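For reference, the structure is listed below as C-alpha cells.
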Amino acid sequence: MKKIGIMTSGGDAPGMNAAIRAVARRAMSFGIEVYGINYGYAGLVAGDIFKMERSTVGDIINRGGTILYSARYPEFAQEEGQLKGIEQLKKFGIDALVVIGGDGSYHGALRLTEHGYNAVGLPGTIDNDIPYTDFTIGFDTAVNTVVESIDKIRDTAASHERTFVVEVMGRGAGDIALWAGVAGGADEIIVPEREFNVEQVAKNIQNLRARGKKHTIVVLAEGVMHADEFMNQLKQYGDFDARSTVLGHVQRGGSPSARDRVLASKMGAYAVDLLNEGKGGIAIGMEANELTYHNMTDLFSSKHKADLSLYDINKTLAK
Amino acid sequence: MKKIGIMTSGGDAPGMNAAIRAVARRAMSFGIEVYGINYGYAGLVAGDIFKMERSTVGDIINRGGTILYSARYPEFAQEEGQLKGIEQLKKFGIDALVVIGGDGSYHGALRLTEHGYNAVGLPGTIDNDIPYTDFTIGFDTAVNTVVESIDKIRDTAASHERTFVVEVMGRGAGDIALWAGVAGGADEIIVPEREFNVEQVAKNIQNLRARGKKHTIVVLAEGVMHADEFMNQLKQYGDFDARSTVLGHVQRGGSPSARDRVLASKMGAYAVDLLNEGKGGIAIGMEANELTYHNMTDLFSSKHKADLSLYDINKTLAK
Amino acid sequence: MKKIGIMTSGGDAPGMNAAIRAVARRAMSFGIEVYGINYGYAGLVAGDIFKMERSTVGDIINRGGTILYSARYPEFAQEEGQLKGIEQLKKFGIDALVVIGGDGSYHGALRLTEHGYNAVGLPGTIDNDIPYTDFTIGFDTAVNTVVESIDKIRDTAASHERTFVVEVMGRGAGDIALWAGVAGGADEIIVPEREFNVEQVAKNIQNLRARGKKHTIVVLAEGVMHADEFMNQLKQYGDFDARSTVLGHVQRGGSPSARDRVLASKMGAYAVDLLNEGKGGIAIGMEANELTYHNMTDLFSSKHKADLSLYDINKTLAK
Amino acid sequence: MKKIGIMTSGGDAPGMNAAIRAVARRAMSFGIEVYGINYGYAGLVAGDIFKMERSTVGDIINRGGTILYSARYPEFAQEEGQLKGIEQLKKFGIDALVVIGGDGSYHGALRLTEHGYNAVGLPGTIDNDIPYTDFTIGFDTAVNTVVESIDKIRDTAASHERTFVVEVMGRGAGDIALWAGVAGGADEIIVPEREFNVEQVAKNIQNLRARGKKHTIVVLAEGVMHADEFMNQLKQYGDFDARSTVLGHVQRGGSPSARDRVLASKMGAYAVDLLNEGKGGIAIGMEANELTYHNMTDLFSSKHKADLSLYDINKTLAK
C-alpha cells in the first residue's frame, strides 16, 4: 500500500478532524502517501483530491467540523458513480481508503472494496446510532453540548418555576437524549426506544411541583416528535408555564471533547494498521473499551442498541 | 435606613445573583438589615420575604438565574396591589428597596417611592433595551453565549457549505444581534432598527459563494421575524441549502461573564449608597464607564439606542 | 436497611455531587432515610451528620466539589477512631454507608464493615489511579480541563514558536497525562509508567522545528518531576524558548462532564442496590462499560494500570 | 494609499486575529492591497511578508493567538534595523502600516512614521497597561479565563476549607487582578497600585473563618510578588491550609470573548480609516466607549491608570 485516501461523508461531527489527523500521521509514519478527498463521494467522483502533508493536519485536533468537508451523494449508490470514483483513484494511484461517517457512507466503501480498493469505515456521527461500537466519534461532544445547554436552561427554569421541553438530536436513536437526560438531571426522558404517556408525564410534573420542585425539564429525542407538538399535548393536562427549546445544529459543532479526540485518534491509527494488513470492507468500533472491527455486511444486518439502563436509573433519580 | 429589601422582577438574567450579593453585602457593611423578597412584586404582595445573612449570598456570584426567583405581576399596576405590598413592607419594617429587572419593573418601584418607600432600579435583562445605560446586567453573558453558538454552527456550516439563519433574543432591540453578529463574523445582521431587503441578502450570499466563501451566517433579531419565516423568504431567491436555528432560552442562562459580574457588583453597591443618601425613584446606569442615575420618569419618556455603528462596520468586514 | 449514610473522603473530584445525589435519590426511592456525613471520617467521628431531603441534592448534579466537604483523617486508621465513628452511627441509627473517595478512604470503609456496618466504596478521584475500574469519577472532567488549557497554551506557543512543558496532576499515575496528551496533540508525553530520556526529547523537538513545526508541547505527569526541573534539564540540550506551566488545583474543580455525571449516577444507584442486598466491604467499578464490584481487600493487593497504548499511539501521531 | 502592511508585535493576545481580519477586510473594501508581515519587526526586517486575500482572514475571528506570529526584536530600536525594514517596505510597495501590540511596539511604529511611512498602533495585550484606552484587545478574554479558573478553584477550596493564593498576569499593572478579583468574589486582591499588609490579610482570613466562611481566595497580581512567596509570608501568621496556583500562560490563549472581538473589529476598521486620512504616529484607544486616537509621543509620556474603585468596592463585598 503506497497511497491512501481519506474522506468524510454524511453529517459532520466533532472529532472528524482528529480522526483525519490520526489517519494521516499514522500512514505517514509508515511512509505511505496520504490524499485528502473533499466533499466525500461527490469529491471522489469529481476528483477533488489533494496530497496531504504533515502540516495539513497540524492544529486541527481541537477543531470542530471537517477540513475535508462533507456532502451527501446518493448517486454513488449507482455503479456508474462508483466507476467514476474508481477512475479517480486510478488517476491518483490511491490503493485504499478510510471513510469517516455514518453507516450510510459504509455502503459506498463496501462497493469500492468489492472493486479491489480496500476501504475501512470509521463511525463519525453525533447520533451514536451505528452498530458494533459503543460510541461514535462526536457523540461525547454533542452530549456535553446538550448538557451545558440544559444547565443554562435550568437557571432560567428555576428562576420562573417553568417546565422546559428540550428537543435534542439523534435521528432514530435516543442515545443523546438518554445520556444528556441523566447528566442534565432531567425529570423526564422521552426516546423512540420506550413507550411514553403524555398524561403520565403531566401527572409526574404535577407531583414534582406539589413536592416543591422549582422547575421541570423534559428531554425529548427528535425521533419521537417535535418539541412544540409535545408541549401542546402536555398543555392539555394542565398549565405548566411550559416552554420548548430546539437545540438544533449547535449540537453538531464545537471543539471535540477529550473522549472524542482520543477515540478518533485510536480509531484513525487502527484503520491504517488494518489497511496495512490488507483488510477492507470493514468498519471499526470501540466495544468494551477495545478496538474492534466487523464486516460492513454484518453492520447492515444489525441494529444499534441504546443503553436503556440510563432510562430506568433516571426514573429513580429524578423523582 | 435600617432595613432594605431586594427583589428581582421580569425575565431573569445572568448577573442578577451578583447584583443581589453586592446589594446585600454593601448594605450589611453599613449595618443595614437585608430582606430578600421572592418572586418580585408577587412575592412582595404575598409577603414571601426573608431575612438574608452574609452566607445567603455566598458562592452565588458565579451562578446564573436568580436565587430570589422572578415573576411577572401586572396586578401591581393597580393601587390595590401596591397597598398590599406596602402593608408587607410595614410588617417587616423595610424602609427602602432595590429592584433588579427590566424597565417594566421600574413602574412599581416608582409607585412605592411615591408612597414613601425609596426604591432604586438596577437594569437586569439580557436584551440591553433600557435607556440611560450603555449596558444592562446579563447582556454581555448572553452575547457570549450566542457567539459560542455561532462558532459551533460555523463548524457545521463550513463542512457542508450551508447558509444558517440564527435567531437571537432581544425583544424589540437589536443589541444582541448587532454585538453577536460582529463578534461571530456574521455575513448579514438583520435588526429592527434597520431596513432590510431579503432579495438583496440573497444576492449578497450568492456573491459570497461565487467568491468561494464556504458558509454564510445570517444573525436575525427576534424582533424582526421568526427564523423560519426569514428562511422561507430567502429560498424564493435561490437554494442556499439554508438551515434555521432558534437559540432560545439558552441565552438567558449560564454563569455570568466577568463583565456582567463586575457591572452587577458596581451597580449593586452604588444602589445602596444612593438609598443611604435618601434617594429613590431612580434607576442606575453605566454610561461611558461611569455609574450614573436618572429619574425613572425620565426613563419612561426616552428610548434606548442600539450601537448601529456595529451594523455599518459589519457591512465592510463580512463582505 | 432503614438508614444509610453518605460521605466524601480524600481529595475532592468533579462528579462527587452527582454521586451523592444518585445515592440519596435511589435510597429515598426505596423509602430508606439518608444521612449526610460532613468532612468524611473526621465528621463521622465528630457526629457532623444531618438528615438529607430530596431537595438537599437538588441542582447539585452540575456542581463541582462536594456539598458534604471532604477531609483527610488518618486517626481513623486507629480502632479508637473507628469506635467513636460507630458510636455516632448507632446514635443516628445508620445501618450502612457509601464512601466516595480514593482507595485510601476504602480502608476505613472496610473497618466499618468488619464492625457490622456495611460500607460500599465509590471511586471518586481525578487521578484515575484505583484498581478494578477503568474510570474514576472526576477523571473525565479533569482531562477535559487539561485539554482546554493545552488548547489555550497552543495559541500562544504557536504565536511565539515556543516549547511548553505542561505539568498535570495524577499523583503516581500517568492517566491524566496520557489522555490529555493524546487529546491535546502533545508532542511528548512523560509519565511515571515509561522511561524517558531528556536528551532524546530535546532531539525530537529539534527535529520537529527543523520540519517547520511552530510549537512543541510536552505534557508531564507530576509523578515524574516538577515542570521547572524538567525544563531546566531540557535547556541543557538547546534553547527552545521553553516555558513551563503547572495547571494545579484548577484540575480538581469545574462542572462535571457528561461522562462523569453519568458514571457517578450509575455507580451511586448501584451502591444502594448492593447495600440493599446486604453487601459490604466492596468497591464499585466500571469495567468494559459494565458496573462491577470487588472486595476492598482485593483492591489493596492490586495495582491500577494506565492505558499505555495511548503512549505508543502518540509516538506516531505527534511526530 | 495603495498597499498597507499589518503586523503583530510583543506578547500575543486573544483578539489579535479579529483585529487582523478587521484591518484586512476594511482595507480591501477600499480597494487597498493588504500585506501580512510575520513575526513583527523581525519579519519586517527579514522581508517575511506576503499578500493577504479575503480568505486569508476567513474563520480566524474566533481563534486565539495571531496568524501573523509575534516576536520581540530590540534591534529595531537602532536606525540600522529601521532602515532595513524600510527597504522591505519599498520592495513590497507598502505605503502604511498597522501595528498590533503593546506600547513597546509603538516606538518602532513612530520611527517608521518619521521616515514617511504612516503607522497606526492598536493596543493588543492582555495586561490592559496602555494609556489612553480603557481596554486593550485581549484583556476581557484574559479576565474571563482567570474568573473561570477561580470558579474551579473555589469548588475545591470550599470542599476542603482551604485558602488559595491565585497569581495572575498583568506585568506591572493590577487590572487583571482587580477585575478578576471582583468577578471571582475574591476575599483579598493584592495589586502593585495599592499598599498591603500580609498580617492584616491573615487577620481578615481568620475573621472570615470565624464567621464560618468555608474558603478564602486571594488574587495576587504577578507584579507584586510570586504566589509561593506570598503564601510563605502568610503562613507566618497562622495555618490556613493554604495553596498557591500560578495560572500562567493559559491566560494568553483561548477563543476571544465577544467584547474583545467587537473591540478589535472596531479598532481595526478605524485604523484603516485614519491611515486613509493620511494620519500616522498615532495609537488608537477606546475611551468612554468612543474610538479615539492620540500621538504616540503622548502615550510615552503618560501612564495607564487601573480602575481602583474595584479595589474599594471589593473591600465591602468580600467581607
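The letters A, B, C and D name the chains in turn, as written, and every chain counts its residues from 1.
Please note the rule applied: a residue touches a chain if its C-beta (ideal position, glycine included) is under 8 Å from a C-beta of that chain, and two chains touch if they have at least 3 such contacts.
Please read all numbers here as calculations on a predicted model, not as lab measurements.
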| item | value |
| --- | --- |
| Smallest count of steps, each to a touching chain, taking subunit A to subunit D | 2 |
| Chain separated most widely from subunit D, comparing mean CA positions | A |
| Subunit D against subunit C, contact positions shared by both copies (same if over half, else different) | same |
| Centroid spacing, where centroids are CA-atom means, of subunit B and subunit D in whole angstrom | 28 |
| Approximate Å spacing (C-alpha centroids) for the pair subunit A, subunit B | 35 |
| Sites on subunit D at which at least two other chains make contact | 151, 154, 158, 214 |
| Chain contact topology (line, ring, star, complete or other) | ring |
| Set of all touching chain pairs, with the criterion as stated earlier | A-B, A-C, B-D, C-D |
| Of subunit B, residues touching subunit A in the complex | 8, 11-12, 14, 63-66, 69-71, 145, 149, 151-161, 164, 214, 243, 245-250, 252-254 |
| Residues on subunit B engaged by subunit D in the complex (per definition of touch) | 21-22, 25-26, 29, 54-55, 58-59, 61-62, 134, 140, 143-144, 146-147, 151, 154, 158, 179-180, 182-185, 211-214, 255, 257-259, 261-262, 265-266, 269, 288-290, 309-310, 313, 316-319 |
